Amino acid sequence: MKTALFIGRFQPFHIGHLDVIKQALKENDFLIIGIGSAEDNFLPDNPFTAGERFGMIRETLKNEKISAEKYSIVPIRNINNYALWTKHVSILLPPFETVYTGSPIVKKLFEKEKKYTIKNSKIIHPINATLIRTALLKNADWEKMVPPPVAKILREINGQERMAITTRP
Amino acid sequence: MKTALFIGRFQPFHIGHLDVIKQALKENDFLIIGIGSAEDNFLPDNPFTAGERFGMIRETLKNEKISAEKYSIVPIRNINNYALWTKHVSILLPPFETVYTGSPIVKKLFEKEKKYTIKNSKIIHPINATLIRTALLKNADWEKMVPPPVAKILREINGQERMAITTRP
Amino acid sequence: MKTALFIGRFQPFHIGHLDVIKQALKENDFLIIGIGSAEDNFLPDNPFTAGERFGMIRETLKNEKISAEKYSIVPIRNINNYALWTKHVSILLPPFETVYTGSPIVKKLFEKEKKYTIKNSKIIHPINATLIRTALLKNADWEKMVPPPVAKILREINGQERMAITTRP
Amino acid sequence: MKTALFIGRFQPFHIGHLDVIKQALKENDFLIIGIGSAEDNFLPDNPFTAGERFGMIRETLKNEKISAEKYSIVPIRNINNYALWTKHVSILLPPFETVYTGSPIVKKLFEKEKKYTIKNSKIIHPINATLIRTALLKNADWEKMVPPPVAKILREINGQERMAITTRP
Amino acid sequence: MKTALFIGRFQPFHIGHLDVIKQALKENDFLIIGIGSAEDNFLPDNPFTAGERFGMIRETLKNEKISAEKYSIVPIRNINNYALWTKHVSILLPPFETVYTGSPIVKKLFEKEKKYTIKNSKIIHPINATLIRTALLKNADWEKMVPPPVAKILREINGQERMAITTRP
Amino acid sequence: MKTALFIGRFQPFHIGHLDVIKQALKENDFLIIGIGSAEDNFLPDNPFTAGERFGMIRETLKNEKISAEKYSIVPIRNINNYALWTKHVSILLPPFETVYTGSPIVKKLFEKEKKYTIKNSKIIHPINATLIRTALLKNADWEKMVPPPVAKILREINGQERMAITTRP
């Protein structure tokens, strides 16, 4: 069984993330979706809790009719020692061989471990979460950048207010 | 959707744990299976890594033909402050209303939060993981206490050796 | 007995903080004064130790003839998980029902817990600690922004030098 | 002003602790009462939270008509490095010169710092908290070992149940 | 250049440890001597600080006329995740290929990393540090189990008293 | 024996650092070279691991024909409490009396401990590591700022790539 890891902070989960998941599921039998910085929340760069992000991903994949037999969602806390981080991740998870990432440092760190294949995610929607957080704060045009179930959750938990209170004046 | 949490250390996952999962899935729409003390491993009371325990649970539920649409497996690290622990758990996970546990302290701590229903798990197989770890160390009669996929994993990772090196002489 | 919490970092304690304490003591029987980020010190935003800040508050309230029967001063360390922070605070302290704060995030976090009344502190002296730290570094006009006992302590521990060594060039 | 520190875990606060406080208040102008291991709770040796212990001490001293002008109660968390512990304590608190303790290791660690006077507390009531916790679990004869306000709190929070759930079987 | 690691807690450093160092220096060009559990001290199993243990090793090797060109002494703190520990060690140190250890778990953990040669240390003096700590507490016959410079240090820092205060009654 | 401490982050080790070591070795019998922030790595301000920095220093001193009898290299992790930091350092190391530093805050913190002599390092090469990291990223003129063995290591581990992946875009 070919197993891959896709790790991100998903602050929030957006349509670019969904593209990567679809690509990874075509190329593998099983995908572990790791929610990074799981214990960070109510911060400008990390506004949403791990539980909120878990819900965003699960509702989106359900809405996309992607079978839960194909993936697991796993919150992974940060540790303040990057050189140790890939090992920390690998101990928490079942074995995987392939890593999907757009981040140069995550790419390099897993490459150094020698035993992983690193795949660059094809960029279909050139979106990043920083843009969305900025748009969310202004309540301007953010909805089209996230899947509909994420938009629904962001309205329910009041994403604009969340950004406003976490932004240092 | 009725969602429940079943949290344990699963050192290792055994047939009593499987009974609780089956009961909980009858009484709920979705079950979060929390792997407690996720960062403890190679210790007498916590010999297996979170990743190994994740594999034991997933292989068993697959073997039991339980649909992955019905559950998520989530490693949860310990924090050294029990009164804070239920909140820590609730932040990492999507919302749940019911908690299955056989542990008096977990029961009490979730009761204090007021918003959870606590269910005692019916004991069908009166087994505990301590017994299994002791049997594993002696390589005596442990196989019948764990589901077949767990027995397979314990042989592959050499569970007896694991217990032997983690036991302080 | 009506008990309230006023939590701040008090870097340093200033006349705006004293206003809030006086207001809270009029509206309650007992006030817990929580010194936040208690283990941060010798940093640009957190130059003074918890012990130094404890002294600033105690000497000021004594000077104001406010009875010690009415308040407790309690250092509270930070934890790097905001969603967990209010619970962390509530475990360390005797029960309280009301929270005084000017911070939108502290307001929101305690509101989410449902069981607290949040009071905005009336602003009489529109002062903030950032201004004072900047003034302290330049040794310019900071004294009128702090109560006399704080000014005395800041001279004794050499607040200007403290700011100078903690400021990254 | 002569200031002293009395540090203990107060699990629970008992009449021997009260004796030390009375002695220390005779010999000093101000007493800091440090609640050690403040973040430990729901454990066999540390069953009560810092907030519960804070309440036990405050209610007792109020009942004894000891003026709050004379003392402060401060929760102090543990750090896992004993040689660093006295320094950790001294940073969180206003200056003190004298330490009251019955513990040989606390005595030695403060002696090594050179600048503190160590006082052995006179033992009037030869009681220790371990005895009380054991009695509490059996609900046998524990009430006479604690001041009346502590007995009241222990009944309210159900101290016997607390001990029962924290005791590993 | 052949580089090896010898890691131990050295509580205290004894003649069995010295045997291993001599063996390792014959078989390698350079030896890293790792002081494990470096931040533990004043505890029954870990009575001495990293600095004290550093001194014991350095004075002994100087006394043995072993050139400092051949070794480095490095304190290494513990992390509470065994499966992560070998990686943590390898990040703190220059590269090494061989590990000397008498501990089954350290042996196994480095073996799992695949890239290290594990050497069992030949036992010439069948001594262990637990015996010495027990003897130290009774001040009975411990001196012959440690090199003379260690005996000198243990007398200077009063090793018997150290054991007495760290022993839980 | 006169023992001194020189503590820095050495990100990377440069010719200004080497000047200080030469000066300190003239004025003392033994020098402890402390690698600060030892567990930080792959970060813009802390790109290199403790092990990599350890190698840079050791290879340089060997190249300079400085006897290893005269110094020890010791990685020291950061703790997030500055007022506690000097004590943390002193517990990990054998005794020292003199501290070499160019940092105003390190100077002040050791001065407060009263028992250390603080020496300003004479500045012969007015270089700082920030400049080198910036030059490394641009691969422009950094080689003359570091000793030849450090230049060799930076080429081997690809210092330019390291800076590129750690720089936030």
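First chain written, first letter: the chains are A, B, C, D, E and F, and each begins at residue 1.
The rule is simple: contacts are C-beta pairs under 8 Å (C-beta built on N, C-alpha and C of every residue); 3 or more make two chains touch, one makes a residue touch a chain.
Owing to the predicted nature of the structure, the values given are computational and were not obtained by experimental measurement.
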| request: With residue numbering as the guide, point to the option in A-B, D-E or C-D that repeats B-E in over half of the contact pairs. | output: D-E
| request: Could you please state the distance in Å, as a whole number, between where the Cα atoms of subunit C are centred and where those of subunit F are centred? | output: 37
| message | Please tell me the distance, in whole Å, between the geometric centres of subunit A and subunit D computed from their C-alpha atoms. | response | 46
| task | Using mean C-alpha positions as chain centres, tell me how far subunit A is from subunit E in Å, no decimals. | result | 43
| request: Enumerate the residues of subunit D that touch no fewer than two other chains. | output: 39, 41, 49, 81, 83, 91
| In graph terms, nodes being chains and edges touches, is this line, ring, star, complete or other? | other
| query | Which pairs of chains touch each other? | reply | A-B, A-C, A-E, A-F, B-C, B-D, B-E, C-D, C-F, D-E, D-F, E-F
| message | Which stretch or stretches of subunit D touch subunit B in the complex? | response | 39-43, 49, 161, 164-166
| note | In the complex, the residues of subunit E that touch subunit A are 81, 83-84, 87-88, 91
| note | Counting only contacts in the complex, subunit C reaches subunit D at residues 38-39, 41, 49-51, 54-55, 58, 67-69, 72-75, 77, 90-95
| said: Considering only the defined contacts, which subunit B positions touch subunit D in the complex? | reply: 80-83, 104-105, 107-109
